[in-house]
């Protein structure tokens, strides 16, 4: 039973957890970006993405190999074969690898290859998975459920924290609403409120939140302005050829331009975006 | 990849799957009720419930031993100890036992003791769990996610069907909405629409849908009138002492009265409620 | 300022207001139906509808002449010309005429021709309109706003009651939600809750709530089972030719069949549907 | 009937309407702020607000005299008496006065005293009011309905445009959602999408959108970053004494600080906030 305050709770204005992976630190002055394709499709694709991310100054790569899909008939991710590709990216770069896990078995399989486990919106209250992740020694990126209240979101994080893993990053990714024009509604007011309620870093996914390529830029700027500690953006070498989520992925070139536009916003709120020099490594 | 129509799809007006457990059959002329407490608390509690269900003519008992709770500090269910209690109920009665599983491990543990696996709203898109259940030889009661569209709900069922288990019962249990006055909004229009779209039986949970004891009766009647194939109702020997969900559980006496009031509604839509004689067994 | 309880509040189990129009009384043992087309299109159309309603035993006709439409380019209703048609229906029958008003000017214009003013969902919080209606001596059918909480709904009724008009009928017509498969989500749990909270009659609009012709029957049954005091159903001599809302209007023949099926549901909850003998008049 | 494209539609990247009131222009490089109390309470209050706005460089004052309130027992605004106060503010300053109207009668009454008519969320589809405003020669600030889709919002603007008034400003003010922690959910993705769909200026109300004083600053920054053409902020000389909406009003001192913090965000997106010199006038 609960004694005293929950572990997620912010106890003072300066109470802030920092979560590090590779060269990125979430929760401090930096606002790291995680970028990459919805799904790992091939080693060539991932190498192309990795090279550009390093050039831009993006320190983390997202690389989904187990994909939760509404329909069992849709592409379910490359699966186990993807693990070798992740290994190859690791050997070639210092990029931190973020990858989604859907089950306890996935956690065990992916653990040697990833720097951060992602829990998707559909599994936000998969409590057995959360408890298993609470016993790992790697960061967990926990996405808000599609209709989760902030209390439910924070309590889901608490399941991880309570098992001993304090490296939890919260991610707002849009909530379900009534207007078919946007895939979801990005709830940036909640990002501001989460920053008051918890010491955990809070990042934003502008891609799933809007489902529209052209909106990714403006809402990324808004996310930084509201106080987000990072972004996770879908980017693909050839967005229109993306096997999944093609409508919302931006090209690597667009990502590069967006990164440049985000720098002054970060500056305007007294923070910094990691740039080339800081993350560049031979690839 | 998908070839032809999905397995859940109703192909003609008379295309209807029947799912049986114990003495109950869902999807035919009968409208069986599943009743019982939110959580198994003790053997005495469950024996009291079982005796009354048999007297009333309720053929299935719900008995949660693994409880998914928003907060990790709340009662998480009696867990493994509950398996012996389920065993005892089985030995004493012909009641079919419905119990929720949250993980693949739970499926294995509970399998010898239950007649039907329940998947809760939070796990509706826990696809690894669904696939595991698709390989079992027992019925699965799949609850609609709190903000799941009908397409997502049916596609979640498809994950089970596709693995070979055709015994799936769908359960509408209320969707999340904006009014704090009711816990959820029971979406009975969707029950009617599901009956058009799929041959799978569709039942209704009036307890979680409303979260208010006094509303369970009226919406149960509405559920039968709209065409539901069954009900799953929270009932407790002493509702106000229920460890979880106390506000919505009805007493066994209230359940008995409600059962009596539901009979003419079932008759009015050309169906029947199983009664005493049909399910009575020594307890 | 408020002193004591609001006027809408139910003060005891037997506290129930009855609202009468023509031969119909809402709030008593009878469950009257209001039926008719979305829009008045011509005198022939309305005469055809009126004749059938009388044959079936439906005591009230809906007849929209001022139509609130999302787009200014869509049919806005026949307008002032429709007043003569309403007059003609009045001279030919005892049907009570229910018609929507969108402004104070409409109230003045329509007053001599209608038996009940309807306020649509979009105007539920058009407080100046509500106050004007509170000073009329005819019943007001107040529809729930598309995202109105029950408190907002009841407080909107209070604006009418407070001006002295106690003849208010509340109408649940579906709330906005996330699934594009149904136009709205019919919230029957709220109907049951409203019956606890207020002494005002509560009716249901199964047509707007579902937006699908085939669902009107099942949800009408559910509405009666849950305790609704009446129904308002879109019916048209040739539904597929309806100028507005063609997808949800049922034919007069379907209405006749549905009426017959609703009788046993009403009986099952201890109430009655007005039948032929009670409302028949020469036409 | 509609011929060709709707009037609200943006026909090219550079197609942008500018709407001016007093010294403010919405839709150009400037991002004007409208600030002031929820309700006009007294002349002293308004004079205090006006003085500070001028000092800060805020060119428009909001001043509600007719207040739409959920409950008829709550403060309904100072009403006609407020017109003299508006007149006094006009005589003392160059501030543009924005005031809400709830009915056609209010439009006529307020017209000589205001520079911009505000239509609140509850009246977004009060089409008779919109048509009347379409025949005025002053700007209209149209707020998005609490559950309005963008199509409905834009079509509501079309009702005004079609009558000949092209000076329409759209205002996103939060939509209704499921989490009781924030009053509404600010939908900034829709602001970005509206900027693609329409040439009309789009502003944001961070006060109603969040309902929490502490969130007004962060979401104001986000609104400017996402591309909003202005802000409307509740500010009060003594927020905790505000008769209405006390939880969300910020103090004039906080407004001054916020204004300073918004300047670099505006600069970062290539725009400007009007400052002291530009709007200062003797008061």
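Per-chain residue numbering starts at 1, and chain names A, B, C and D are given in the order in which the chains are listed.
Operating definition for what follows: a contact is a pair of C-beta atoms (placed from the backbone, for glycine too) under 8 Å apart; a residue touches a chain by one contact, two chains touch by 3 or more.
All values reported here derive from a predicted model rather than from experimental measurement.
A.B. asks: Going by the touch criterion stated earlier, list every chain that contacts subunit B and also contacts subunit C.
C.D. replies: Both-contact set = A, D.
A.B. asks: With respect to inter-chain C-beta contacts, which pair, A-C or A-D, contains the greater number?
C.D. replies: Answer by contact count: A-D.
A.B. asks: Centroid from C-alpha atoms only, then distance subunit A to subunit D, rounded to Å. What do you get?
C.D. replies: Each chain's C-alpha centroid was found; their separation is 35 Å.
A.B. asks: Compute the distance, rounded to whole Å, between the mean C-alpha positions of subunit A and subunit C.
C.D. replies: So the centre of subunit A lies 49 Å away from the centre of subunit C.
A.B. asks: Where does subunit B touch two or more other chains at once, residue-wise?
C.D. replies: Answer for subunit B, listing residues that touch two or more other chains: 147, 151, 176-178, 180.
A.B. asks: So how do the chains connect up here, line, ring, star, complete, or something else (other)?
C.D. replies: Looks like everything touches everything, fully connected.
A.B. asks: Could you pull out which subunit A residues touch subunit B in their complex?
C.D. replies: 1-2, 6, 68-73, 102-106, 122-123, 125-129, 146-147, 151-152, 155, 158-159, 162, 176
A.B. asks: Along subunit D, where are the residues that touch subunit B in the complex?
C.D. replies: 176-178, 180
A.B. asks: Please name which positions on subunit A make contact with subunit D in the complex.
C.D. replies: 147, 149-151, 174-175, 177-182, 185-193, 195-196, 209-210, 212, 214-215, 218-219, 221-227, 264-265, 267-269
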